[in-house]
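In what follows, structures are represented as structure tokens.
Next come two complexes built around chain A: one with chain B, the other with chain C.
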Partner chain A sequence: MVKYVIKRIALMFFVFFVILTMCFVLVKLLPQTNAVQFGKDANLILQRREALGYNKPILVQYAIFLKRSLLQHDWGVSEALYLGQDVWKVFVSKIPATLMVNIYSMLLSVPLGLLFGIYAALKKNKWQDHVISTMVMVFISVPSYVYALLVQYLLCFKLKIFPLQMKSGTDYFSWAMFISVVPAVLSLAFGTIAGLTRYTRAELSEVLTSDFMLLARTKGLTRGQATIRHALRNSMVPIFPMILGEFVSILSGSLIIEKIFGVPGVGQLYLNSITALDYNFYMLLTAFYTLIGLVSGIVVDISYGFIDPRIRMGER
Partner chain B sequence: MVNKDDYMNIPKEDFEFYSREGDIKDKKLDTKPVGYFRDALGRFARNKSSVLAAFILAFLVLFAIFVPVFFSNNYTNSLTDTTYLQYTKLLPKSHYKFLYNMGWDGCNKATIREDIYNSYIAMAMETGYNPVVKVYGDPYFDESSSSNIAFYDVKIDSYTKNGMIYLTLTTAEYEAIQAWQNETGIQVIYPAVDSSKIKVESLKTNANIWYMCTNKGTPKINAAGGLDSIYKTSGNDGDYHSLRVAGDDGSYKYATVTGTSDAKSYKVRVFTYTYFKYRYGEYPCFLFGTNAYGQDILTRLASGARFSLLFAVIIATINMVIGTIYGAIEGYYGGVIDLVMERISDILSEVPFIVVASLFQLHLARKVGAVPSLLFAFVLTGWIGMASTVRMQFYRYKNQEYILAARTLGASDARLMFRHIFPNAIGTLITSCVLSIPAVVYSESNLTYLGIVNLDSSTRTSIGSLLSAGQSLLSTYPHVVFFPAIFISLMMISFNLFGNGLRDAFNPSLRGTEGN
Partner chain C sequence: MKKTKRALALLTSASMVVAAGCATTDDGTTTAAPTLSNVTTAAPEGTTADNGNTNTPVNEEATYTYNYAMSAFPTNWNPHQYQTAIDSEILDYASAGFYTFDYNDAKDGYQLVPSMATAEPVDVTADYVGSYGITEGESARAWKITLKDNIKWDDGTLITASDFVESAKLLLDPVAQNYRADTLYQGNLSIVNAKNYLYAGQHAYIQTMISAGDEYVMPDELETDENGYYVVGDSDLGFKPASGGVWSSNSLQDYYDYGYFTEEDMTLWDTVIVAAADETGVVKVNADVRDALMTFVAHLKGYADVAAYAEAEGDYASVEWEEFLYLGHTYESMDFSEVGMFAPSDTELVIVLEKPLSGFYLLYSLTSSWLVKQDLYESCMSVKDGVYTNTYGTSVDTFASYGPYKLTAFQQDKQYTMEKNEYYFDASDDTYQTTAIVVDCVDNSSTRLEKFLNGELDTYGLNAEDMESYSASDYTYYATGDSTFFVALNPDKDALEAEQAKLGDNYNKTILTVKEFRQALSYALDRASFALATLPTNSPAFGIFSTTIISDPENGIAYRTTEQAKQVLVNFWGLADDVGEGKLYATVDEAVESITGYNLEMAREYFDIAYDKAIEAGLMDEDDVVSICIGIPSTSTTYTKGNDFLVNCYTDAVKGTKLEGKLEFTLDDTIGNDFATALQNNKVNLLFFVGWTGSALDPYGLMEAYTSADYQYDPSWDTTVEKLTVTLTDGVDYTATVWDWTEAIAGTEITIMDADGNAKAFSAGPSDGVDDDRFLILAALEGAVLSTYDLLPLVDDSSAQMKGMQINYYTEDYIFGLGFGGIKYYTYNYTDAQWDEYVKAQGGTLNYK
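Moving on to the complex of A and B:
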């Protein structure tokens, strides 16, 4: 087990470095955008680039980059968006907003998704199940920005319950802030609820028809007892890792929801770095997104082994 | 003594026919054999929701193909003609009585101030088209406001409320409009106004003012309760010889002529509603309304959907070909080849798609254009899923006896792979191919919506671009976003239902594992 985990983590770092290297080389090959503008001295810009080491061979630059970024958290300074500011600090300051929106949305969607899924599985092939399954199909298929726009139009504009955009500022726990993120949270939650409901329903209805459920009933447990003690526990084996994976990947946020509701988070920063061609931000956020994806994959895989003793990791 | 193991040389007379006479007990099959695809089709047809989804999908595809062909107009695409900037943000309107009565009438409810109301009424007095279709209740005053201005709750026709614009015409155009007016009896050109009677400089460009007005441009009501016109009665109007407005005794001038005698230009006031009829043969009436550039949303949406669908189908096809070849090689040869190729696809699949798309966009968009670079981005990682599907099927079938038999008969590797093993993978491959189409449409619309990729131009658009262009108008003109959103939602739902139906039909053993 330990061996397997170590192997997976080593492989993860290998993949991470390969992707980081590819991105670094590709970004360095891009034309530099610091064109001569009014009020900027071309010579000064060139001298600054020389001093920062932009003209060294690409491998030397890569070595410097790795040393600085991974050991000293120094990902360079912003070239366009937040001119001269430390990229890492700006990035860290953007995390709370993303995290808040996504944690609220998880807190809303995990219980609801499980609840709907369990209910649908218990009422399998009855009208309640059909209604839930149809809704799930609709909510899984409809793109998230469509509900985001619907939420914004109906709740924020027509009914005027919530503000159109997220409140600015850093008072993350104030009531006004909470109200202002509700539309974004709702729009994020719909898709997650639907996905979780579908998954829970499928797993639970499979467990409910298995033999040990029959045994549980024959030894005298009521249906409720059998469901809660035996079926639910067993169906959680694949569901729980999925939730765990979601929790890790919420760090990356949703680009589209952040754009629509003006959440000043990581996703917005990434979008802006692409449009403004701010390569230092771009590198940092690319590394961040890649790492989040890799870590959430590993967490899901490894947690199977911890949750279910029947699954032996890494054995053939 | 005959060696029992010497089966190569069994004497001929030891053989005998099993049965020459008598009945053969086997029954001859008299039902038709059912092939794999026929069987799958039968299973698919039993799944009602998937069949319905297939019909909706077919309708949407036909809509995307044929609407741009039959209903495309020059007010669909081009952004060069500035006159149709006068027809922006028109609300959905239908000719059909049924839809018209259901509220598809191009009107919206609004609360307007008295001065705006009066200028609409003045517009109606001149042209006969009243932008105020209905007034709800009596005018009322805002208690909290100190100013003494009445408010009206009204229903406004978005098609006529724009009123007049100034156009500068050449002699030929001027004559053509006059000839058309004479022929049809519809007034397009309205009398020119005497701009010296408008006090404020900035109001002189406002073509709607034909009356004595205040400094804010609102009509001044005279003692008799009417309006005093400020039509021009002197000067040259290039011998206007066509329809005249009511109350014109022949003294009104219809144009302001500038330029020399060989290159004259005529500045005229034209009514946008009737001018549209002159330009395009019919009164403006857009089923889905128009967007912020005056483009017809119906045809724009259809051509955007056509682009998105075509793009997705091309990508799905390319991915299928690459995935099949890659997966076949992996699965068939196995061992080290498989291990190396798996690692490569592992690494590729871990790169976040948004990173791939943005890098390609930054690198290639200027060299080869936005569409090809987006296509490369989708192809770079898109084939991995298909490859793993094919690989799995190859692992399942490559050690079966019939493959061994074929190999003994001398079949080449390529023949074994594509003639004997690959057909087993077709079912799953078709399913994942169909399910990848909505995924591509979805990611493409996401990227264009976010503005990472810009596919919008005068002749091309995509659903994501339409939505992103409409987002800023969401609160005032929701129809700009509404129709593309409905379209893409409907398309996604039916694609997923259709794909699930296909999956159940091709692999009945998988039925129920994903909850449907």
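Moving on to the complex of A and C:
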């Protein structure tokens, strides 16, 4: 197992390096329009670019980037989105808002998704199952921004239960802040709840009809005992990695939801950094999310063994 | 001169605008000139609104918060570095100018009045004769500004004249290369030696060897120095591989990187160019470099070698490579004391200018300042690996105010709050009733509207979708912007032929070079319907300057209201023969009123003429289909609607003509911010919603955008060759090139010829005292630009905003420089507490319909 983990980690760094290199080269190949204005001294901009090393060969720029970012943990300053500001500091300052909204959303959606899924599986083909399945289809089919706008219009504007936008400030644990993020949390949670419900129902339905479940019942276990001790654990094998994946995504934020509810998080940063050709920001985000993605892949793979002890590493 | 490849990416600048691409604020402080709205504001029931003409008494205890939202947020408002209007939003409240816009006595226009200054500047040029290059008899070169003695930072620290000098020194810091350093040398306010100080010690290659109007030099006529490097006058010549020179964004390095070079050329590039580059990447030009550049150009143009290219294109093939060259210039090291700015005393600031400037434009140039809090500024500076960084003006802690409000809270991309600055030098009881300003970042317009209807915002900028509900509201105010948007065409035959060839047989694009075809496109355009279909607040445009452009800023006279400007429209729209007693229109005004720009019958007539001409000239065959590629920077709703409108409009217009069924359109939505370059290269053949903004008070300077190859959407129109005759105030007709006339109104001396061939030196800059001539030239140039039919006026930019019930605007009309009164003059019907109660009493949602 240890050998496997070490091998995976070594491979992870290799993949990380390859992705980083590709992204750096590709973004540098994008044409950069001269941002010169009518009546402006264009040389000021050209000299700035020269100072930033933008005119050096791409591989030389890449070597400088690697040395600075990975060895000195200096990701540089933003040259477009947050002019002159340390990109790492800006990123770190925006992460808490995203984290808060996503954590609340996960805390709401995981239990509800599992509960609805279990309930629907237990009531399979009864009206309760049909109602839940219909709702699941609706929430999976409709894009999140549609029900985000609906939530905002109905709960915030018409009924005035919640504010239209997330509260400003950094008092993330205040009641006022909590209330202000409920619409965003709900909008984020709907899709996750629906997804989890669907998977849980499907997996559990299949497990519930397995032979070992019949054996468990004939051994004298109640339906509830058999479901919780045997069926649920078996059905968790594909569901748990999904939940883990959702937790990983709490760092990435949602572009649309953050836009609609005024969450000053990181959801729009990645896209904006590409649009604005803010190289330093783009590379920081690329490195960060690539690393998170690769680490989560390893964690998910390892988690299989803990959920189902029958799953073991094969050796050639 | 041939300039088929003057593809200038610099046109994709903040000044060059596309209508639907602008970030919006709901605040009504954007500038535009006098107009237009006669809307009256109804006060909410139970209140005592004062129609905005007097101020409500201020309750000392009460708070009056002005709330609005922006779709994008400031990120860096360092006065030396900020780059966008959004960034400068905070500076509008937290800083001040030496002079500022205020209402005239009649409150129907603006005047410039002292702000940090105590009075108008005093001309002290005579005191400095012999210094700063000032000679005896000169005037308006050195000005003394006397400052108020109570200007303070928001922590109470006194600001003296020397702080302005020190701030200028920081602005011009050669290490910093601040984005706004050119504030002190570019444009009207050009401080002596400011640029030299900035570039001190550098041997820089900044100016291209070939600029608009310059002549090329045949290679065998170029002089060399003792080392065999070419020189022009005192300047050596440099080639910067990554810079495109006249080719702008299309550098040879790009062609190399993107695989346009043959293997032989790549070898030549590596051995001759790369090997000769110095540590800054510049290649000094000798015969080897020349030959290599000539070869690259010939190959890129599709010829086997330079000789083949020369056979096809003549001398131009031998000089085109010069478009990549830059003139070397060494800036001598100098002390800041040699820069034309100093402080004789704590309240006296003297500025010395490179060229005379006086009157309105002097004061206007001093409506903002470069002041920064020196100790704080320096603590924000850092230089690492040669890269200068400064975080001044990026947070509450890194910024100091000296304006009416100070920044008290700032959360990135969320909200900032400003409160009254108790140390502000110009506070008075009857102004600045607003106690706090809260600005939210709300990207979604429907959310902004909901917040506005909930009473959380005091103003809301209306979108096209809102117009049906709120266009007639008593709370809706209209403001005309300073931009005219065009349909832009670039009838460059070479480029069109090249693009047409890519489509294969039976496709045609070169019909765009036939003027009648472009005329037909203009007449077929129902501009009013276009505005309704895209942005309903816009109005049809018929000239290159909108109604807000002011040609006489001293007296606030809008260009379009002048007789000459009206006559330009009458002539251009073919109504000149219909004006007069007993004719269709009794007066020019009536004729102008009648212009719609839409005449389908005439359009069809011109389509037929164009078709015949194209066939006759061999431009197209009878079975050809005309294929026009429309370019849009993004797939926003506005652009999509606009594209649909144009396609339908032109497809209908050719029905019943010889082009029926022979006109098709394609769409390129991939050009992004390179939209201008795409047209200049004819990668796309038609742009719409393009234009220029930001020169409401200086149409003379703005004219360069239409006539300089550096900025034109249609560089195929060679203004250095095109002659234009203007009747000046002496009644004599004078002729010069369009470019020369443009230079003349910028203050450059040109040579003009009368009908008898007599030459005369002439200039009509802002300080030449020939304002009437200057104005006549401007009108003539507008006519010349219009008559190319390369830029078809489409719509004038306008906006609509709703005012909340809590506040009162000072004026019902939008006044340039002042808006509807701005934060200085807004008054309140309710305190914040009363407002909350009022909104609750209305059920939490207000009715603004």
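Here is the rule we use: the second predicted complex is superposed on the first by the 282 of 316 C-alpha atoms of A that agree within 3 Å, B and C clash if a C-alpha of one lies under 4 Å from a C-alpha of the other, contacts with A are read in each partner's own complex, and residues count from 1 in each chain.
Methods note: a contact is a pair of C-beta atoms (placed from the backbone, for glycine too) under 8 Å apart; a residue touches a chain by one contact, two chains touch by 3 or more.
In this text the structure is predicted, and so the values were computed from the model without any measurement.
Asker: Per the contact definition in the header, classify A:45: touching chain B only (first), chain C only (second), both, or neither.
Answerer: A:45 contacts chain C only, not chain B.
Asker: Mind working out whether A:274 is in touch with chain B, chain C, both or neither, as first, second, both or neither?
Answerer: In the superposed model, A:274 contacts chain B only, not chain C.
Asker: Quick check on the superposed pair: does A:107 touch chain B, chain C, both, or neither? Answer first, second, both or neither.
Answerer: neither
Asker: With both complexes overlaid on chain A, does A:85 touch chain B (first), chain C (second), both or neither?
Answerer: second
Asker: Does the superposition put A:152 against chain B (first), chain C (second), both, or neither?
Answerer: both
Asker: Examine A:260 and indicate which partner it touches, taking first as chain B and second as chain C; both and neither are also allowed.
Answerer: both
Asker: Who does A:70 touch here: chain B (first), chain C (second), both, or neither?
Answerer: In the superposed model, A:70 contacts neither chain B nor chain C.
Asker: Quick check for you: in the superposed arrangement, does A:176 touch first (chain B), second (chain C), both or neither?
Answerer: neither
Asker: Of the two partner chains, chain B (first) and chain C (second), which one does A:55 touch, if any: first, second, both, or neither?
Answerer: Only chain C; A:55 stays clear of chain B.
Asker: Going by the contact definition given at the top, which residues of chain A touch chain B in one complex and chain C in the other?
Answerer: 29, 149, 152-153, 157, 164, 259-260.
Asker: Applying the document's contact rule, which stretches of chain A touch chain C when the two form their complex?
Answerer: On the chain A side, the touching residues are 29, 31, 33-48, 50-52, 55, 68, 74, 77, 81-85, 90, 93-94, 149, 152-153, 156-157, 160, 164-166, 168-170, 259-260, 262, 264.
Asker: Spell out the residues on chain C that touch chain A in their complex, using ranges where they run on.
Answerer: It comes out as residues 9-10, 12-16, 75-76, 78, 81-83, 87, 177-179, 181-182, 185-187, 195, 204, 206, 242-243, 248-249, 254, 257, 280-281, 384-391, 394, 409, 411-415, 440-444, 446-447, 450-451, 453-454, 456, 672-674, 677, 692, 694, 701-702, 704-705, 711, 844-845.
Asker: Using the touch definition up top, name the residues of chain B that touch chain A in the complex.
Answerer: Checking each residue of chain B against chain A gives 346-347, 350-352, 354-355, 358-359, 361-363, 438, 442, 445-446, 449-452, 467, 471, 474-475, 478, 481, 485, 488-489, 492-493, 495-497, 512-516.
Asker: What residues of chain A sit close enough to touch chain B in their complex?
Answerer: By the definition above, chain A touches chain B via 15, 18-19, 22-23, 26-27, 29-30, 133, 136-138, 140-143, 145-146, 149-150, 152-153, 157, 164, 198-199, 201-202, 206, 255-256, 259-260, 270-271, 274-275, 277, 282, 286, 289-290, 293-294, 297.
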